[in-house]
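Some notes on the structure that comes next.
The letters A, B, C and D name the chains in turn, as written, and every chain counts its residues from 1.
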Amino acid sequence: MDSPHDIAANYDEEDFGGDIGFGDRPALIIIDLINAFTDPDTRLGSDVTSVLDQTERLLTAFREHDLPRYFTTVAFENSYGDAGQFIKKIPALQELRLGTEAVEIDSQLAPTDDERVILKKYASAFFGTDLQAELTTNRVDTLVLTGVTTSGCVRATAVDSLQHGYRTIVPANAVGDRADGPHRANLFDIDAKYGDVVTTDDVLVSLSDSV
Amino acid sequence: MDSPHDIAANYDEEDFGGDIGFGDRPALIIIDLINAFTDPDTRLGSDVTSVLDQTERLLTAFREHDLPRYFTTVAFENSYGDAGQFIKKIPALQELRLGTEAVEIDSQLAPTDDERVILKKYASAFFGTDLQAELTTNRVDTLVLTGVTTSGCVRATAVDSLQHGYRTIVPANAVGDRADGPHRANLFDIDAKYGDVVTTDDVLVSLSDSV
Amino acid sequence: MDSPHDIAANYDEEDFGGDIGFGDRPALIIIDLINAFTDPDTRLGSDVTSVLDQTERLLTAFREHDLPRYFTTVAFENSYGDAGQFIKKIPALQELRLGTEAVEIDSQLAPTDDERVILKKYASAFFGTDLQAELTTNRVDTLVLTGVTTSGCVRATAVDSLQHGYRTIVPANAVGDRADGPHRANLFDIDAKYGDVVTTDDVLVSLSDSV
Amino acid sequence: MDSPHDIAANYDEEDFGGDIGFGDRPALIIIDLINAFTDPDTRLGSDVTSVLDQTERLLTAFREHDLPRYFTTVAFENSYGDAGQFIKKIPALQELRLGTEAVEIDSQLAPTDDERVILKKYASAFFGTDLQAELTTNRVDTLVLTGVTTSGCVRATAVDSLQHGYRTIVPANAVGDRADGPHRANLFDIDAKYGDVVTTDDVLVSLSDSV
């Protein structure tokens, strides 16, 4: 991948894009890797094979280090009363109904009994959920974000992660989008303003070093 | 401006980018049009003459219709203790100190005594502020967002506006960025997923029609 | 019931306890009337027969007027990882496990298919939930709170309701507690600072008048 | 002070009121000890000499241990547009105007340059503020709450502190109210459900032990 810094001028390197780095206690947030998004044949899905593979490597490492990890899903009532203006903007969200297979985590990453799947209704994993309360309880200070989509729920979660005070790390090859332009543009924004855009290998090295 | 829909494939028109439209009671949110951002000679600034002009047209109209309007600014303590990880990521935020001219609203848009300037510390106008409480008190159902930057505080506020349940309207020529790539990419994302990207003229017509 | 105003001096009537009144669009929030709380034989339960009866009257009226109504429940993962410090403070919360009968709404108030049960983890119906987003989507400006317990989730929700900008109404005989002292003390605080403490009949009259 | 546990039956000791205890990194939150509340001759004030004295002891200790400490104030625009429904309920809030001496911290506790005064509009120190973001940045896991009033902003902050995942400690003699009934009733509720009600001496011992 070309450096996102090539995309735009006027984001001087001394003014934007500083490195935040890992803290003492990272958690892994696996965003919306549910069947509706991982099956390319659905209205919301695309080919995210590589995102699943890289996320699986991270999940295995976080499990081995016994560090906190959370999955998110997004699902709505049959009435869609909880889908607000969101469903008017994205009619394809109709596919995401509570209790259906579409909103279950992709079996490649099957959560264990002690790994929580957080139900959200909107883009950010923080919005309308108790994620922050769990993170504070667990004394987490760093979030590693993976999943889909870079321009949607990953970006929104990255902004909220920074806002809530967390060091925010996005491994570029463990997040994906249904189109490359938005993927790259949002990695640029995240790296310039909200979190460190790195590789999955970088994260794995950091985890090993910190043990 | 070319349609943002040209940027990426796989965002099918029937699935993404539906129109939300105006509700019954809009408010105008003027984001970070403070001297530090409107003076091109500063570390954070760029030429946003046209954004100021279009925002002024909207401000005049909202005043005439006696509809709610809010300004935001972003400013930090001398200790920068309130700047969290944000200032590590964007060192240029050091310019934004409480009580300095840099964080005052640009004089072209000087707020009147009954127009509130909301102090925020992060990207979204909702985060760490009581904006939602004011909007509920005033029974607002639609937010029109202007200001800077498209890829920063405007985008973050648009996402939060949708998430909080508001119809979200972004007049493309009343928001700006320090580079065109991020400006256009974020308008694409907003239009696809969070709000209606329109023109300032469109908003003015809607206001007139609703009277 | 004696007026809560008898309990304490130094809360002058001209300074505290003003009337807020109904707005244009009320919603009913039925708090934690789940089996674990309505069965007096459980660790968390007490006799709330009268609270159920009064809430049922309100639920019927809100259904007839086709006004929004929401139920809340509180339930935890088997790991209790989502119970934070709360479960250390209230060990009896162990009874509230996801998927069990204990956390289902009492059958006297059985929700219909289009009535949503909001899952919360803490005291306030707003905390860690998307309740505010639904209320904004539905343009609600007034919340009528019923359920249990007055000194716990009702009080916490009343404070948050006021904070989020809603007119807050608490019918005293439709909320209950496992002891009378905390019930009365919290109604005093709510009436002095956060919402109007009225009777179920008062609410029913207001609903009829507004039609 | 009699044990709050005498107030009500049906709050069995094995089910409610467990001890949470101190964590690794406490912060001190000094709530609303502003002139309007500490001057008994004002509409909102009462004699809180002892609360100021006990808080001063804690402030000195937190300064000596170089642990985070925050003050809160509550103040409104001249328009009171930011006072929502709150000012209808508590007309005496009119006294709290931005920029006036009434909303400055009592001089007995004068904040130093690096101690932040957080501006809030409502009861909880968390609501509409960025307090949580600062606490996460500083890796705080325990909040010690002092100030006024026990039945108002202290109680609301205690509930939110627990909800956000913090160990919550309330030294009973460092919080106060304008009447004894609400003071005692709210300490009972806090101790039963949200935080550990202790003495100022208890907190000072814990701070010494942890060094």
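General observations
Heads up, the rule we're going with is that contacts are C-beta pairs under 8 Å (C-beta built on N, C-alpha and C of every residue); 3 or more make two chains touch, one makes a residue touch a chain.
It should be emphasised that the depicted structure is a prediction, and the values quoted were computed from it without experimental measurement.
Chain pair with the larger contact count among B-D and A-D is B-D, by C-beta pairs in contact.
Separating the centre of chain A from that of chain B, both taken as means of CA atoms, is a distance of 25 Å.
Taking each chain's centre as the mean of its C-alpha atoms, chain A lies 36 Å from chain D. Among the residues of chain B, those touching two or more other chains are numbered 84-85, 122, 127-128, 133-134, 136-137, 163, 165-166. Viewed as a contact network, the protein chains are fully connected, with every chain touching every other.
If you check the complex, the residues on chain A that touch chain B are 7-12, 14-20, 43-44, 46, 84-86, 88-92, 122-124, 127-128, 151-152, 155-156, 159-160, 162-163, 165-168, 178-182, 185-186, 188-189, 192-195.
By the touch rule above, chain D contacts chain A in their complex via residues 24, 132-137, 139, 141, 163-166. Listed in rising order, the residues of chain D touching chain B in the complex are 77-79, 81-82, 84-85, 113-114, 116, 119, 121-122, 127-130, 133-134, 136-138.
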